[in-house]
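Each of the next two complexes has subunit A plus one more chain, namely subunit B in the first and subunit C in the second.
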Partner chain A sequence: MDPAGVFATSFERDQALIRTRGQCVALVLLFVALVILPHVLGPRLVAISTNMLIMAVVVIGLQINMGYAGQINLGQAAFMGVGAYATGALAIKFNLPFWLSIPFGGCAAAVFGFIFGLSAVRIKGFYLALTTIAAQTLFHFLILNLPQSWFGGSNGLTLEPAQIFGFSFVSETSIYYLCLAVTAAMVFGAYGIVRSRHGRAFVAVCDDDVASGLMGINVVRTKATAFLIGAFYAGIGGGLWAYYVRFVAVDQFTLFHSIWFIAMVIVGGLGSITGALIGVFVIKAIQESFVTLGPSIVAQFPSLGGDVVFAMMNVFLGGIIAAFLIFEPRGLMHRWNILKRSYRLWPFPY
Partner chain B sequence: MIDFVNYFINGALVGLLYALIAMGFVVIYRASKVFNFAQGELVVFGGFIVWWMVASLGLPLSIGIPLAFVAAALFGLLIERVFFSRLAGESVFAMVMVTIGLLILIRGLILVLFGPQVRSFPIIFPLQPVIIGEILIPRSLLIGGAITVIVGFGLSWFFNRTRAGLRMTAVAEDHQVALSMGISVKRSIAFAWILGAVLSTLGAIIFLSGKSLNFLASDIGLAALPVALLAGFEAIAGVLLAGLIVGIIQGLVTAYLDPIVGGAIGTVFPFIIMLLILFIRPTGMFGWKTIERV
Partner chain C sequence: MLSAVSPLYSASQSRAAQNAAVLVADGIRMAFGGVVALDNVSIAVGVDELLAVIGPNGAGKTSLMNCLSGFYRPQQGEVRFNGSLLSGMGVHHIVKAGLARTFQGTHIFSNMTVIENIMVGRHIHMKSSIPSAFFYFGPCRREEIRHREVVEEIIELLEIESIRHQPVGSLGYGLRKRVDLGRALAQEPSILLMDEPMAGMNTEEKEDLARFILDVREARQIPVVLVEHDMGVVMDLADRIVVLDFGRKIAEGTPLEVQKNPAVLKAYLGEGNR
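Entry: the complex of A and B
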């Protein structure tokens, strides 16, 4: 809700993404912070930030698919993998520049996702989630068994750095800026999608697919579109990943990765783009702090051993996911909204 | 020809093993309407409990295995107490997502308690294969197959013929309706998880007897998924038939198609079957057909 005294006087105002001057200032500050970040932080933190930006693109796709359209997707990592492999293959075989190969990689992932989304013609609910598990295994099988000259088989693909006008994105900082630019564009696009008629159709289908069908929404097409968009985002993220790591292998995209993406969406909050970003940040920050603090914890308690600390991370995060579902199924974003509402209404709660 | 019979019988027995693992899915679904993604992790956890009792503590098999079943039942009850008792009557979506959290959590728990090392699982069934003519049959799978058939029909009788079983069936149909009929959804879910954990431990014993065990063995949970789906999630005895079908097809595909196509077509084939079932008949062979008029 808007703070007191803010009224939309036109349709454009009502649909605006930035509604108050405060939000505008906050957005500019956030952007400035993100731009100067690589000059302030050390190389390791910049690498983590780049990783977060790439994941953010993938998880936003999952958020649109799962949070808005309500289609549980356990194959987001496979879709990301398709994007990464397609980008890599296009860059190596056809020498396409990155600003062409990444979008084409996204399109390849979108087609792959769309095929599985089409199964919504026959099935829904958790059965649909099962087809996405099948997508995951099929992806592995295809990559490992297609001719090695196509996708490198079990050897993976090794890429040249992304290049534009003779400048190549080799350093950690430059690839960070590339990811930042792409992620910013994708986030903006996601806000556009969810407030468009497609976004409203997603929410309607999520709430009740029978009722939305009666209202004239083409349910099957909407579900397939949700998969298309979600997989496109995953593919773009995969393309960025391919240029960031410059090595693509099958075991970077397992079912377990897909489950992590779902965990990020749940912790951040279903049905909110900002929630997806927060989820990525929180989960990734916890993972990385375990990785960073792990050696010092082991040094303190040598009897534990390094494996235990990493395993504890799984226990902790698994517990967090369950706790969120039990106590706050709508995620951190919902908590934040409650807080915001209460201070906006203060001191007159009604 | 003798090769064919060999592949056929071994495929059928592996299929029965899948059926036993799939029964864990089906039982939990049949008594709580929750689709358990953490099934593979439950199997591995059960396996580690047995390993701990028998190999690590050195208990004899006749004491260690019953104790392991008790421990598994307690673990199932613990899962229900901690996670699902708070979610009774809530949306099924939240419950299923909790099982995804459980997947990560149990895997971490296994690593914390038992470590990532590969352990050799105790030999529970004698290793020599049964030899009939020229047909070789692994003894663990043969005994396991017999146990699976007995357990399958027993559970099927329980869920379809007894009062307690029918009460749970009502929970699987609709939580709210079951609650309003005076059926305790919580108790049903607790029973489902206890039974699921015990069945998983049984599956682990048959699957792992004399093999090596580490946390990656949980892949069997996913491999059993197509079986549960082919049978339909509500059909317990049907799982046996579905397991036979999937196992035989997989065995023959591995034997005859792998040399042609190369790679692991045998492991992917069940998922191709699964996709086909989902497209042609999502309720499986024996699942309930819910009528939806749209």
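Entry: the complex of A and C
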């Protein structure tokens, strides 16, 4: 709901996402902050930020697939991996520039995801989750067993830095800006997709597939499309990852990563692009602060030993996810919306 | 108010309607295991007519509805809509051909707002591809706004302006049914099937919905098939009534004819020993 005194006088205004001057200012400030960030923060924090931007693309894909279309997907890391490997192979074998290899990598992931999307046509819920785990296993199996000349097998792929007009993205700062630009474009696109007829079809299929069939929505195609878009986003994220790390290996895309992506979606809030971004930020921030805190805890309590402390970190992170599932299953975004609503209605209850 | 608005329906009009039928079911049979839900039922829905299907519990009304909307595939007989055979068409193709239906109970998208629900009804009329949705500003947004205008007209017709931004999950039953009707209207159907729209409503809500059904007929000039339990509603609204009992059609005619039909009285009230 809008704050008091804000009235839409046209349909353009009424469906706009940025509705008040305050939101506009906040968005501009966020952009400025993101642009000056690498000049203010140290190299480690810039690296974490780049990581977050790449994750954001992948998790937005998962949000569209899982939060909007309601198709549980435990294979998002595999889709990301397909994108990373395809990007890497295209860049190495065919010398494609990054602005071609990343989109093609996204398309490769989209095709891979689409195949698993077809299984979502007949399978729902837990069983679909199991099927998408198959994507994860299949990805590992294929990469390790295909001829080594294709995807490097267990050696992985090593990439040259991305280049454009003679400028190469070697430094941490330059790759940060590349990721920022791509992520901004993908976030913009995601807001467009979920507001269009496709986004409504996703939510409709998730809510009630019988009724959505009778609305003229092709349920089969919609579910497969959700997987296709989700996997495309994962593939783009994978492509960025390939150019960021400049080394692609299977153990960067495990089931464990997929589960973290799901955790980010849930903590942020299902069915909200902004929620996905918040989820990435929160989970990644907690993870990284644990990694930073770990050694100092070990230093404080040497009797515990490094093994115990680092194992406990995972337990603690798992605890956070469990707490979210119990106390705030609809995520931070839901809580934020409640707060915003009650603030705008104050002092009245409704 | 449920005033008696049904026009007198002469036999010649009935025949004319048969000739220009929009939706025809011919000798359909539907059995679930040993239970025969529909047995050799034939009905024809004429242009601009309100046909009501009534019958005691378990008479096969909803099964007939599901056959007519292409949801069930009858084991015998055929359903034709504007001349083309329904069985074998995917449900979304049937909808695109112009058949809309509302549900018994609520099959509404409860996580969406009223506007979004009705916009889903516009889905079949919208064309924007995923790439154009990705860029959004431009063709996609223009299309959204164009269809939003249509949706606003429906919202106005159904008098739900004040709740247009509310999630449907938070609305009462009567309003949900109204949104369901709006969603069906947004498809701009050439025939509307309504499965027990009045079930579980209080008198006031029933009166409202009856008024909207009449408004819709007036505004859209489309045939409506109504499955309903409430006799008052049916007798007041319907041009023609089909009565089912144990899967068979036992009577057909104007409300007045059906009320006097001994087979109908027997089905509803049983046989007395006079």
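Definition applied: the second predicted complex is superposed on the first by the 348 of 350 C-alpha atoms of A that agree within 3 Å, B and C clash if a C-alpha of one lies under 4 Å from a C-alpha of the other, contacts with A are read in each partner's own complex, and residues count from 1 in each chain.
By our rule, a residue touches a chain if its C-beta (ideal position, glycine included) is under 8 Å from a C-beta of that chain, and two chains touch if they have at least 3 such contacts.
Treat the numbers as computed from the prediction; the structure is a model and nothing was measured.
Subunit B and subunit C, once both complexes are superposed via subunit A, fit side by side. When the two complexes are overlaid on their common chain A, residue A:321 makes contact with subunit B while staying clear of subunit C.
In the superposed pair of complexes, A:181 makes contact with neither subunit B nor subunit C.
When both complexes are overlaid on chain A, the residue A:210 reaches subunit B and subunit C alike. By the touch criterion stated above, A:313 is placed in contact with subunit B alone, subunit C being left untouched. Using the contact criterion defined above for the overlaid structures, shared-chain residue A:144 touches subunit B, although it does not reach subunit C.
Vertex at the C-alpha centre of subunit A, arms toward the centres of subunit B and subunit C: the angle is 80 degrees, rounded to a multiple of 10. Of the two partner chains placed by the overlay, neither subunit B nor subunit C lies in contact with A:29. When both complexes are overlaid on chain A, the residue A:345 reaches neither subunit B nor subunit C.
Put simply, the nearest alpha carbons of subunit B and subunit C end up 6 Å apart when the two models share chain A. The intersection of subunit A residues touching subunit B with those touching subunit C, taken from the two complexes, comprises 210, 213. Taken together, the subunit A residues at the contact with subunit C in this complex read 1, 11-12, 14-15, 188-189, 191-193, 195-201, 203-204, 206-208, 210-219, 225, 229, 271.
Of all residues in subunit C, those touching subunit A in their complex are 69, 71, 90-92, 95-96, 100-101, 103, 107-112, 116, 119-124, 126, 128, 130, 132-137, 140-141, 144-145, 148-149, 152, 165, 183, 187.
The residues of subunit A lying in touch with subunit B in their complex are 72, 119, 122-123, 126-127, 130-131, 133-134, 137-138, 141, 144-145, 210, 213, 255, 259, 262-263, 266, 305, 307-308, 310-322, 325-326, 329. Residue ranges of subunit B in contact with subunit A, taken from their complex: 35, 83, 86-87, 93-94, 96-98, 100-112, 115-116, 222, 225, 229, 261-265, 267-268, 271-272, 274-275, 278-279, 282, 292, 294.
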